[in-house]
């Protein structure tokens, strides 16, 4: 049985995602609601090692729910990969009396947290904050909904100019291992084709798909390419396709880091608010070394092996539907 | 066993919702994908009676996925409530050879469709398009995600001015029977209190909640009021609260019809795309007199009694969390 | 010749407007650029009386240029209308060594500033921050561009639902004395009619205008009503029009305070940045008791009489064009 | 004295810009207002040669004022550069009875129009539609306001992630010959430095500027680079800077074609509406071979030499202010 928890600390780590501030706010206010002290650690594991830690109150997190980024900042820490780094981090949090941790981030964040838990036995819990939606054990990760809407908004703008000029556009979106953003922004953007890491599509297949579009007198086309697609980058694919369709006016846009920012959608704010509260309640209920998730509308606490061993699922029905609709 | 379906018609009915065009597009393209003819009926049941019907092809629904409203228009039809009206409607669609219907709308739309099915035996299926998210049998209805984001965007703007002036704002949002928009926009907007049709909150309770805010030196507050709340309209509630807090600068904003419009979010476009395809596939698979739904990530076909007899569910955990976070 | 200025204070007063934070930032950084100390006064004249004043540096105004509202907050002060109130305010700023003031606000703000200048002789300058664009001596006031875009965004959403239902919508926008927002959002929103404080339009004239729309088979119409229109509120006008057109489905939306908030447009940020710098440079150049303006692309410093005696100009050519385009 | 004009044709040419549809609408409705027939030519000079011309009425341009792109489409025509191409074009428009042309586009469009006028003597007028705002003779071109807001919205999103990670971002924006978008989005985005075609900035100067930022403990920085900057592309500059600041985490984003799309701002819609009306009124008043402009709030008709011989002006005061504010 865990000893009582009195002082919780929260931090963000890895790539930032819209909604992280809403999650921080929820962790802080839930801790206060349950009469616990709550600390914020700046710059993730880096700040834990540098002792960059402050106590927070309910007002510290006022007027942040709508902001992109993370007020606690984020960083990648090489030092935390070393035993000495982690020992220094542990001493810093111990000296503040911190007896439980909530980390907000992706699988890398959870990996660090798991190592820390194994070494020092402190109750820890992870909240999935990453735009990629590539984690098993939860239907949605914080930031994914906002990022996909940001992509779709950009695709809508690009469609305006594509339609005005009968152009073929290749739009590269985030997703090293996951096609989630690509599939859903592709359906929502009315893309002629979607290229993702989880499915092979040869240039021949792509050209066949686009050519059918040509026959049916479609005047312009958009292709969404996840950055981790197996046929190369959007730039590479566009170059190959242009060789086959020299008469097309082909353009490439790489959306890049603007996908990470912006005011979070209601969905990400509510998801982050729930997960932040569940994380604190989970800790107080004795859960440790787990990641919060919401699956089929139920709260779940996934252990480390579940998150790491299973690949994320791909929405195969969405893929199927994208093909029906791009006729 | 149903006789073969060859000619499908689609229409929208009741209040419009963002994503209806994406649903129309999906019904049209799925019909064509399955080698069926597809017709569009303008202005819902009214156009069915007036014989305002056109044949559609894949290009008819190009470049509409991002548009609010409905290209097929919508109307409320008194005449369709009469047996003569429905008979006229049936004759019109019969004369076109239409042998199955897809309706996009809310419970009123399904009620009309059910009556039509009972009288004429035509295969019919309903796609849930309404911003209220007040239907059992599906986690989400088309338009709800967009409408809630529209509300949250307005709340963010109002918060700017509320914070600049230390004001108390009452914001009235749509939801005659359902607090779904109010609860989720309330959490996402960081509201001090949320008033919904499904839960009683007296003015005394509200005042106690806001006063606690006062004690904790909160400098401004937002209260979200669903239009169907039991304590009266936002205007009424504000008047009552002002009597108790004469020193507060109280303002009311009624968001009104702007909640219905706008480019749909990716979520509503994908939801509408899936449901439109499922509706056509359901019809071809022999389903009739049902409403498509997606529940716990599974496609379901709900019969009329399920939709009508059960009230919609309220997210009680979201309500609980809104209270923890408004400290 | 003015004695040297060393310590400048900045504050916002009256209704808040998007871009006020950009103006604060510009005043602060320009002061530092010219090696002056810079103070911020909270809640306008109220904070001057309450001695709610802090010293600022370049970092104090980091990451605020994109935020709506005002970080210095605003308030209306009854006490400042009294000689005692102003004396208390003067003593507070004198005790800090503040020897010049920059006020950001509308004509009420300038009126208070002018009285203060007359009594105490302190160099003062006003920056026009108000969404109404109703001040002579400048082509644009800070906040107007953003507010008009916010209105147009709402009008676009309402048009979606108006077109889907063949409805007549009356949309009330801000503007007690000024039709600037109404005229420009009316043109940009494709309104059938625009009702403003500066021009009489009888219900008969309005009905004639809308009826012509009916003849030409226009399927839905929007009417923009400035809140200070002479024919009454949007609600009143809609009631009158409905009497004459009982067959129309008429709706009213009052946009209210959401017009004040939101991230400022580039235009308002650049305008505020320029005006904030010009205000500091004006003060250091010996200007006092004036309001900064930009007219025909030239910087001007308007004295109090100019701002108060002349009414603001109305863009009569825009009005003329709105009538040509609403055929 | 020109013979009477009865049949006007309008077309868009060159790169598309938000607000072109508003301009088309204004040309169409003003023509009808003045009892003229009005035609639309698809795909610019290309469609003139291909005889891709339709007659328009007031309804043809309903519900387009808010749409990005151009409903008349645009194209670049090699054939129109030949005398034969132009002759074919002239014969096509003559056969329709078209006796005056309104072209919407940039300097390339005007160049083609001027050649056409010289050869065939038809009354012609050009409306400046280009996001670059690089034309003398008008304070603003259609599309520039929207494009700059699109850039600033992207910069705001990127700032979220830059601040969360203490990163240095290089953002490349459109502007081959013109720094207008870069300067104004740089001021509005709070950029540490702005690199434009019209002003030399060496890597040494840039590094000195950014380093000062480092000293003053600025935690992250944005640099805006116009694509036509003299020090190379954003990618090149970032590579050079990274050599000098190896400890910085440097990222590059190239905004690309999303800058051309999107619903136009109120400013671009009103500008386009005015210019479209002025173009028709100018033609009817005997003007020919000119480009409409609005300068210092006055309508002007610029002849071909004015537009071509003078370079566009740069807002040197804005540049000066950007430097004061980036301290």
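As written, the chain order gives the labels A, B, C and D, with residue 1 at the start of each chain.
As a working rule, contacts are C-beta pairs under 8 Å (C-beta built on N, C-alpha and C of every residue); 3 or more make two chains touch, one makes a residue touch a chain.
All figures in this text were calculated on a predicted structure; none of them were measured in a lab.
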Distance from the mean Cα position of subunit C to that of subunit A, given in whole angstrom: 40
Whole-Å gap between the CA centroids of subunit A and subunit B: 28
Gap in Å, rounded to a whole number, between the CA centres of subunit D and subunit A: 36
Multi-partner residues of subunit D (at least 2 other chains): 156, 159, 163
Chain contact topology (line, ring, star, complete or other): ring
Touching chain combinations (by label order): A-B, A-D, B-C, C-D
Residues of subunit B touching subunit C in the complex: 12, 15-16, 18, 20, 67-70, 73-75, 150, 154, 156-161, 163-166, 169, 251-262
For the subunit A and subunit B complex, residues of the former touching the latter: 22, 25-26, 29-30, 32-33, 58-59, 62-63, 65-66, 139, 145, 148-149, 151-152, 156, 159, 163, 184-185, 187-190, 216-218, 263, 265-267, 269-270, 273-274, 277, 296-297, 317-318, 321, 324-325, 327
